[in-house]
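The structures considered in this document are given below.
After this come two complexes, each holding chain A, first together with chain B and then together with chain C.
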Partner chain A sequence: MKRGLWALLLVARASAAQDFAGASPAGSTRVPDGLLDRALPSASPALCAAVSQTRWWGLPGLETRAATASGSFHTWRAALGLSQTGEPELGWTALGLGFGASTARAGAGLRACARRDRDAPFRLVRAFTPGAGVEAGAGAWLLAADGVRVWASAPQVWTSGAAPPLSRPLELGVRAGERNAAWVRLVAPRAGDDGERSLGMSLAVAPLQVWAEARDAPLRGSMGLSAAIASLRVDARVDAHPVLGETVRVALAWVREPRSTP
Partner chain B sequence: MSALSLVVVAALSCAPPDRPSVSEIYYDGPGDDTGQEFVELWNDSDSTRSLTGLKLQAGDGAGPGRWTTRWTGGPSDQVRPHARFVIGGAAVSPRPDVVLTLDLQNGPDGLRLLWPDGATEVVGWGVLEFPEYSCGAPAPDVAGGQSLARIPDRSATGSNAGDFHPAEPSPGFANQRTVDAALLRHRTTLEPEQPVPGGTATLKLALTNAGATAWGADDAALRVAGELLAAPVAVNAPAVAPGETTIVSIPLVALREGRGVFAASVHLVGDEAGANDADTLLARVGAGPLAITEIQFHPAAAEGEWVEVRNASREPLELERFKLGDHSGAGGSIEAGAPLAAESLAVLAQDPTALRMAYPGLDGARVRRVSPWAALNNSDDATGLADQVLLAEADGVPVERVGYSASGIAAGVTLERAGDTWRPSPNAGGTPLAPPKPMEPVAGGFRADPRRLDPDGDTVNFAWELPWESANVTLELYDMEGHRQRRLAGPVHSGAHGEQPVTLDALAPGLYLAVLRAESADGAFTRVTPLRVDAQRP
Partner chain C sequence: MNALRRAWLTAWLLTWTCVAFAQSPEPPPEAGEGDYTLEQADSLADAELEVAIGAASRGGPDIRRSQRVSFRGGGARATLRDGDEALSGGRVEAPFAGGTLAAGRLAPRWGRGLALGGAGEPWVFTAEDRGAGARYRGRSGTGLAFEARGASLFGGRFARRDVFGTRVRAGPGALGLLAGGRTVQGSVSHDTEDRSAELVFDPRGRWRAEAVLTDAIGETRVALRVRGGLAAFRSLAEPARAGPAHALAASATRELGSTTASAFGALWAWRAGQSGARAALEVDARLGQHGSFACGAEDQHGPRREPSPRARPSGTRQGWWCEWRGGSPGARLALRHELWGTRSLARDAVRRAVVARADWAAPYGGRLTLTHAVWRARSGESLYLPEAWSDRLVLRASSGAGSRTRCELRLPVATGTVRLGLSLASGGTRAAGRRPAWSVEWSRRSRLAPGPASSRGSVHALRGTDGEDQQLRIVRHARTRQGARGQGPEHHPPGDR
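The block that comes next holds the complex of A and B.
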């Protein structure tokens, strides 16, 4: 069980994303966020259901509420999520799918997300009609050495229709350590910036996991807390920005893992 | 003049030979023409000519045969050799030989001398449809304040267009003198327009050499007198070539407070025309009796524009004595009513009825209509000013001029005088008929309209309310991840209520966060509002 929990927190998560980011610590492959958000499957098989809420930069009219679920069969991983963000005038509803495979030493996945504006009631069929925004991406990770994990995630390799709310380029990262760890993350430049660099660390004080990350452009930070008791897991995360204020995320997950997980 | 010349002139002249001819016509004075119009005849012969039976007729160029006799010469009317005979209104100076109201039209029209023997001379101006109103091509239609003068005085080209040209009016004098220094009328200005008592100012005169002879530096002198001066001022005039005009600046010092006349004159030895040697300027030194205290130039509702004034004198004022306007001049007349008590406020309104509906508690007796209302501009021009509010006395003496910038001022917000400065009113809608009030508590806010933008570019109007009366405001744009994309505006100084239109283009589709950052001595204030740039127009 302890090893399984460690594995959930092992890989550093990509940049703060949008619909299915949850409140997990930066760089996590943890179910179900990792696969849905960045195409990074979890190292260990698990069955999971989670809900999360994010208030972006303290704006009550810009909140994301998401419900996600994931499962596994041997080395295969799959995840599904539904989320809604913002007021009807600006907001959207998103449906996410993730599929991948992983072992204890490597994993790779694909993700897709369809968004539809909230200016009309959401229906599944609308997600795939003209006017919807669709994106698809891929990601992979591997253990380069004992305790050293590298990953690459390109969550928007292909897009079509309405543009996503945030352009998400390729991200590379490396994490050293297990329960107590440090990581470095690089995000490729987008239009209007020169990329992003971040440095993070996490400390485990059972049953808590505390983590913090600093990012540049502009200099800002994130910190979070995760607590796991039996099959329940609670995550909280705060991103602090010198101008925009704070983004607060909370998530509640039910996770069931095989006892024989290596 | 030789016999051959006489023959040539007679052949080309529009005037019958050997009798007085039309030498100058003044039909369009500035403002109301009444009493200013004149017609000048010139006897270029060596003997006195009788005008008995001569008819002066005005022609209406709008239709054929529309001649009306304005004057008929009597037995005593005659012109001495080489002299001029002026028929004109009571306001003409020097006094005409015959005083009457000519009521000439501004063109296209004509004038005719009809002699008892049937000989005629016709002078027409403007674009005439019927040939009877001119001799050859008609003369040009002149601007108000200019006369139509035969230049040179003996010009005889066979057409009105060749003989007559726009000129400074010179009734009773040669149109082209040998020696003539003149001041162009209504061209004298004072800078600053309203100097402070005891202070200095510059009087600017348009000095012209209307003669055929140049004069050198210091040959001519300029003098300025008036009750606003402690003593008359005299300076030497610069050299001016024939036909040239130059602006002469005369410094004035120790100005006396009040309203009065600056009387300027030019003096040149041998000057042949004294009538054009002077110009006057009505001016004010110091503050006027009315002070502009609040300006509503872009009302948010339908209450119309308005300007609040305060009686700054010590006695009741009749507001109808004043005029209101914008940068183009004070042309709006103020509705008559009961005198405004000293230190009282009044509102000069575009639409008093609508204003009273928007502000039901207003004292109707102190809300006066101004007509015509000169619409005040809502956006700045290249000078950084949107417009000016101009208040003047009915005779043109300035009372106050306030220029303002509309930058960053939200619709519905007034500009109000606070001591010696102007500021956006911290209270939405302003305070008509009331002095500035302390700011009502405001939580602060920030909005964008529209919030969904066209990817090809859209203009977004950002509006805000601050918790302070003023602050320096900066607008920035971030993406959802917190990366700053660009500065949108600022820092700009803003009142409690502000707005700023910003054109957003070259933005990738996505969700953005517009950020208002305000800083004042009382603290800092940040507000965020989301925007969305669509991939295609929604």
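The block that comes next holds the complex of A and C.
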């Protein structure tokens, strides 16, 4: 059964994101989960705590719940996250760490993630014992011009132990604009597919931001909605797949950042 | 009809665009399967000495130690390597009797290279690893060579046979004679700044001739190359680099403000019914002080390497690529995507590769570089991923689907520079599944006498001379020709054996 769930995820391949993905659009410099999920640190120093829930393909037994916290010190960024996917006897628990540095114009980060099956009580030390699935990756971004952000993220440069549920190759992206933005992403090919290309755009009408993204192979789309009130931020995202159905993500974050954030 | 179409395409490219087509480095025709290493040309200034010691592991328990000494001064220059798996050996040059005496690795070139020092590929005008001033230090043979103002003489082991040669020059003209394997070959060449021609022949009547013309049409630089002869002709010293008997190639380049447009086209025929064509267009635009964006498209037909007489005709390959570089000297990022397909507009993909490279300035003058490449090639297809080291360019043979990551940290330590390298590979490569490969090298460059320092390798140069502009390029290369012998993961040129 567990293999079936994993196979479902592998077949899906619809989202480059995994355990710690929030519901934000791609390429934003203010994505709170960017460091943990894609090794892309945020441009501005911020203190952030977030929780998210993902229901994969409308399957009640296949949900991911994640809690993340991130902080910064000068140009340094760090993040820690814990997530659980699936039922206790079938799912897995993931512990994520992210570390990086960034300025207003460039940033780079490292991420690591360890996974253990949930068929035994979770202990922190079990995440680092033999049998755990471990992956590490790196990412970098910079501003190619004012308002134009280019990034490269390789979340799984190195893997060990149990294979990760999703293979996540190198992703390249360009985004123009911050809140009113458009972006293009390119995901490198994996064994068995020819990669993925996506095109998205977002529009902001304070305090709301709505965005949509189209992807190929197979043709499908995502759309999301964000609302920010004071330090609270709510994100919702729906990914539609022509065969597997819909994936729904909801995230709630508390973000404290300087007002001078671009 | 196809020939007409190819000719029209080539003519169109030459008419409407223009050259310095940025050729990607490729393994030479004599290279077998597996990785191939190109040695960077000597970059020492006069009166400089460089010493390097290193150790490396290829993922196994074995550790290989290596040493390198290079010096230049008083008209003499030398590079000696020991323990280096791919580039061991060396070369020494010193003034002697009014000329220069060289010993060790030799890579001479005469005229157009038909007899000695050719490129092998019909679309390459001049081999990058042959002759004086070449970008890479070639290894066509081992022996002794003497060169004076009007004459040169050499003898050594080339292509598993003893070969001797002599050449006499008078103005732009030159006459050469090669002897070995109980036969001789003659060479008559004429070289000026913008024109070059060579005729080679042997006693059995086999011959080849080639001419190259370079000129400017307005602000467009153009070059034309024509070759003819008999397919049976093979150079005594480098038979694998004979290339096609008939070839026509042209290139054009034009500067348009901060943009350079280049075009290239080549037609060739190995023998009756086995012809090929290649045409490409490239645009390279500067973006500000440090950034650039380049993109290109290419069309290929027929075999690129000499096929066996019974080989089936090769199919069409169309590809396109784009590359962006940006950032500041403190943090730089470069991205590249390349796609090849069997149908027009690169549809029905057979090779796809995505490469990202980031490098940052580290404390104390250090530099950290991370390169990650992901590729997927259809069964029967392969590609080479360049990997630039401090003193070499390694072309990593890749097939199937996989990824390769290389991290290099360069730090000034103990009056020298330490380079720490770590490579990870997964799938589609000979190194896949192994433990991480690592390398450590400490090198120091010293001046032997007071004077200006070497200008090599500014750490802030985005497209410097250390091969950085080649690091991302993916070699457009199909399978090696039939009959080529595999020589393990690291290929050793013939002279190494």
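In the analysis below, the second predicted complex is superposed on the first by the 235 of 262 C-alpha atoms of A that agree within 3 Å, B and C clash if a C-alpha of one lies under 4 Å from a C-alpha of the other, contacts with A are read in each partner's own complex, and residues count from 1 in each chain.
Following the convention adopted for this analysis, a residue touches a chain if its C-beta (ideal position, glycine included) is under 8 Å from a C-beta of that chain, and two chains touch if they have at least 3 such contacts.
Nothing here was measured: the structure is a model prediction, and the numbers come from that model.
In the superposition on chain A, A:Ala138 makes contact with chain C only, not with chain B.
Looking at the shared chain after the overlay, A:Ala230 reaches neither chain B nor chain C.
Once chain A of one complex is fitted onto chain A of the other, the partner contacts of A:Ala104 are absent, as it touches neither chain B nor chain C. In the superposition on chain A, A:Pro189 makes contact with chain C only, not with chain B. Touch criterion met: A:Pro169 reaches chain C, while chain B stays clear of it. Touched residues of chain A, counted separately for chain B and chain C, are more numerous for B. Look at A:Val157: by the touch rule set out above, it reaches chain C but stays clear of chain B. Chain A residues 190-192 lie at the interface with chain B in one structure and with chain C in the other.
Residues 105-106, 108, 138, 140-142, 144-145, 150, 152, 154, 157-159, 169-170, 172, 186, 188-192, 194-195 of chain A are the ones touching chain C in the complex. For chain A in complex with chain B, the residues that touch the partner chain are 15-16, 18, 56-59, 61-62, 86, 89-90, 117, 119, 133, 161-167, 190-193, 196, 217-218, 220, 239, 241, 243-245.
Interface of chain C with chain A (complex): residues 287-288, 291, 324, 326-328, 330-331, 333, 335, 337, 349, 352-354, 356, 358, 360, 370, 372-376, 400-401, 403, 405, 424, 426-427.
The touching residues of chain B, counted against chain A in their complex, run 451-452, 476, 478-486, 508-511, 513, 515, 517, 526, 528-536, 538.
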